[in-house]
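For reference, the structures are reproduced in the following blocks.
In the two assemblies presented below, chain A is common to both, partnered first by chain B and then by chain C.
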Partner chain A sequence: MTDLVLQALFSGLLVGSVYALVALGLALSFGAMRIINLAHGELVLLAAYCAYVVEGRLGLDPYLAIPLALLVVSAVCAVLFLMIDRIREHRELNSLILTFGVGIILTNAILLIFASDARTTASATLQDATSVGPVYAMNGEVVAFGVSLALMVALWWWLKTSWYGRAVRAVSSNRAAAKLMGISPVRTELVSFLVAGALASFAGVALYTMSVVQPALGHALTVKAFIVTVLAGVGSIPGVFLAAILLGVTEALTVTLASSALQELAGMVLFLLVLFLLPNGLFGARARRG
Partner chain B sequence: MLRRTVAAASIALATLAGSAARADEILVGAHMPLTGSLARSGQAFDEGMRVAIQMFNARSDKHKIRLQVIDDESTPAKAVSAVEKLVSDGAVAVVGGYGSNIIGPASDASNRLKTTYITAGAVSDELTVRGLKTFFRINNNAGYQRGIGTLLEALKPTSVSILASTKEAPALLAKGLQKDLSAKGVKVTVHEFDPAITDFKPIINKVKLQDRSDILMMSAYENDYVGIIRAAKVLKPPVKLVVGAWSLATPKMSAEFPDLMNNVVGTSFLPYPVEMKDEEGKRFAEVYKTTYNKEIEYLSTLSFVETTILAEAIARAAEAGTLKAGGLPDAMRQTDRETLLGPVQFDATGDNPRFAVAMGQHRAGKVVLVSPPASATGEIVYPGLPW
Partner chain C sequence: MLETQNLRAGYGHITVLWDLSLTFREGALTAIVGPNGAGKTTLLRALTGLIPYEGRILLGGQPLAGRKTWDLAAQGLVMVPEGRLVFRDMSVEENLCLGAYPKRCRGDVSAGLDRVYALFPRLRERRTQAAGSLSGGEAQMVAMGRGLMSQPKILLIDEPSLGLAPVIVNEVFSIIARLKEAGTTILLVEQNTRVALSVADDVHLLRGGQVRLSAPAADIALDRLHDLYFAREAETA
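Right, the complex of A and B next:
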């Protein structure tokens, strides 16, 4: 039983790190612009398909797809931002509808171009097992964990120390006051959207190297990212990482100790419990109290 | 005025002439999940169906079938709307898409509109107990269960772990297999999993440390197979064989996941490279290859057979002059022929009681039929694992 639980904890940690990677971008655009980008999962998926093109069609290492993914996803993000920026009334609500629609368009574009087949890395190195004591993982999962951790730290550092990072936080706190301080909210929001796109690019490539991708996956990724963002609470980057790990571990333990059929249910119960007990999220509330 | 009258008469004559030219053209509708979560299956179904119509039209002088396909977007509501639209456009029959939860309401709608409905994409037992007079299907859960059960019994395992998606068809198959194998003294452990699951390691670890079964059986779909076998490659449970259900022992899986598929067994109709024994099969393989530039898909074979059977029944009803008088269901019930899937007949519920699948094993890029003995093209490698 100990080995089972240890493997569940380890698997949960690794899966959680990918949830975090997917959620970081959504959390950033939600925190900075108060916009829930319902096309975020599809942006991640777009990056995953860039990795497929680079590996499956060009025969190169899938990690070499990162520049291509950055380029493609950033371009889509910029167009998406320009559309959102044209919304004049009820921005939160209308942007929901807009991004939902863009998500559908992206899913179907991917379907048209790549067909509906499941895709995953063919790299033997990434699929090989690595063990830490009695627990096992794929090399691709370990790399994704490292990337997730590094990006979380980088994003936290960027928000805390860089001019644009501080501008994003200022716009997020009070758009009008930030404008009075000489910050361009539009430019700042564009930057935050592009950074979210960059995070989605890394997430997509990582996802391709450790899991199976197919066109219908985007929506599920958005839902997972949204759950993590709400669990974490707005404005807490380390909170996103910890909330994602908590979700991953909860799901893995549910599979091990109860039934795998209850995995998704367990995640949703956790989500609802946190919403009920801590409406500002696990870490958003704590930050406010602090 | 005269010029206007002549013009109107010309248009009327042209219309009449056009109608006469299309007199033998019969409209058949189809709703397929060409987008959405079932798009992969829907596209494969669409291909087989189109080849069947193309081949029927090529050999039929009197009756030509025109196909109208609507994308049901993998949703039941859209499928119902599609059936209503197709029937209102004049379709004499509807070819159903994929998934019992979609086929159920769509075939209900078709029955309400007194239109024949045929499917090869829904195996739920509940579909044939509704007493619908216009519903037909060529494959069923019992046939899959028989095919897999025959192989497992021949291997005489002491224990089997079944990983089953909670979707209707895989769950039904898992329950049936559990019941059959348990009755024969085999220890069976079922691990149901949510279709959204991506990491199968915690489940495989249970198979490795708790079940310690001889056979790892997957009742699931393509994405799940890849995730499960990958997790099994990492954890290496002490099983002797990995077996799966539909859409696994296919050339496509072999080509796309060569490192995961070797020695894996799944339900199959044809070996690969394809060896067709009859003329119809050879022609199907030829037209399919010419049209789509690839080997025949597993699901395309199913839709090819169902569409061919429907087209032949339509021709019979048209010949008898009963097509427009609701005679198609009776013509369907007259079906009794050998197909690429084996014999097809319809019982009173519209089901094909003679449906049975063979089992194919991946072997270095090929698929060898290993069970039942009558269909086998080679011996099974057992124990045989993909790692």
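Right, the complex of A and C next:
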């Protein structure tokens, strides 16, 4: 029993790191643009299917799909951005409808092309298990965890030290003041959107190599990212990371101790509990309410 | 030279500035004084392209219509807004660094920081602190320091004395005077007419969105300015 719980905690940690990547992408585009991209999960899904094409159809290593995924997701991001940029009034609300619609289109396009079968890596190396003390992980999971951590550090570094990264934070913090600093808000929004897309690309390939993907996953991922963002309560990278791990662990424990049918429900219950008990999130300031 | 011709601006259906025609001499320090609601800040916002306007704004004879705020800032038309417009969730030093965002300023960020810290030692003490946690006066210093980091050719300053202790007000104004000596064109919006007059070359008095007086600072008596300021007599200027 203890071993099972330990294993669930470990698996939750590994998958949580990928949830964190998805949530950080969502948070990044929300910060700079003040819009919630409801198609963000579908961008991740798109990248996952790029990995499937490269491995399943072309017979290559799935990690070679990363450049392809970056290309495809960036292109979709750019088109999506141009559409959002055309919204003149009530951008917050209208962009919700727009991105929701784009998400449905993407899901159905994938369904049409690849059918509804669940896909995962066929690579024996990636599916092989490594033992870490008393617990086990697929090699694919370990790689995904490492890459996710590295990307989070890279994102933190980029936001902290690069001029574009600082511009993204400035626009998120105060749009009018950012303009006065010589920062073009539209260009900065596009940059934040493309970086969010890049994070989604890596997350998608990671998911394909560590778990199972199917066309309906996109929507579920957006919801998870949303839950993580609300759990974290603040836009800080460590906060999002911890919240994502909490969600991953909650899901894994539910699957281990109860049933895999309840996995999605567990996240929702966690979400509601936090909203009731800690409306500012786990790490949000207590004072800022309403 | 910066110039407005029949400038009309406001917010939505409310017009704040009515047919304002003003000139700001190159290399001079022009003070814009007037009571609350006179349209002083609105004038700065129109000049930097933050709000739409009718009429014309000319910079060196070239109309600025359609030029974006960030392009103007990149070229040296820099505004120091009131202290509320700092990046609250970023540190003091990150705020200052953002002042150096225009490409021509990125070369000597650390030298720029040293200059600003020399002017405002308080900011050096607080450089890792979030700007949102500063007092009003300290936030004002951050806004001012950030503007200096942008190496302005034309500097628009909105109420620099707001929330500052009198000693620091004097320091800030000596900094402004030094910038002018260095050849920067300065537009200074200020409610404190006495200090404004002490550093200004030219003075424009605004009230109700219109110019009530334009004159060299040397020709203006403080009493007369105050009479106009408070509308204590029929205007004859």
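Brief remarks on what is shown
The criterion applied here is as follows: the second predicted complex is superposed on the first by the 272 of 290 C-alpha atoms of A that agree within 3 Å, B and C clash if a C-alpha of one lies under 4 Å from a C-alpha of the other, contacts with A are read in each partner's own complex, and residues count from 1 in each chain.
In this text, a contact is a pair of C-beta atoms (placed from the backbone, for glycine too) under 8 Å apart; a residue touches a chain by one contact, two chains touch by 3 or more.
Just so it is clear, the model here is predicted, and its values are computed rather than measured.
Of the two partner chains placed by superposition, only chain B is touched by A:212; chain C is not.
In the superposition on chain A, no contact is made by A:113 with either chain B or chain C.
More residues of chain A lie in contact with B than with the other chain of the pair chain B and chain C. Looking at the shared chain after the overlay, A:181 reaches chain C, while chain B stays out of its contact range. In the superposed model, A:129 makes contact with chain B only, not with chain C.
In the superposed model, A:261 lies in contact with chain B only, and not with chain C. With both structures placed on the common chain, the touch criterion links A:173 to chain C but leaves chain B unconnected.
With both structures placed on the common chain, the touch criterion links A:163 to chain C but leaves chain B unconnected. Put simply, chain A uses no single residue to touch chain B in one complex and chain C in the other.
Residue ranges of chain A in contact with chain C, taken from their complex: 163, 166-167, 169-170, 173-174, 176-185. Within the complex formed with chain A, the chain C residues making contact are 48, 50, 68-71, 73-74, 78-79, 81, 85-90, 94, 97-99, 101-102, 106, 146, 150. By the touch rule above, chain A contacts chain B in their complex via residues 3-4, 7-8, 11, 14-15, 107-108, 111, 115-120, 122, 124, 127, 129, 136-138, 211-212, 214-216, 220, 252, 255-256, 259-265. The residues of chain B lying in touch with chain A in their complex are 35-37, 39-40, 42-43, 74, 166, 191-194, 196-199, 201-203, 205-206, 209-210, 222-223, 226-227, 230, 233-236, 252, 256-259.
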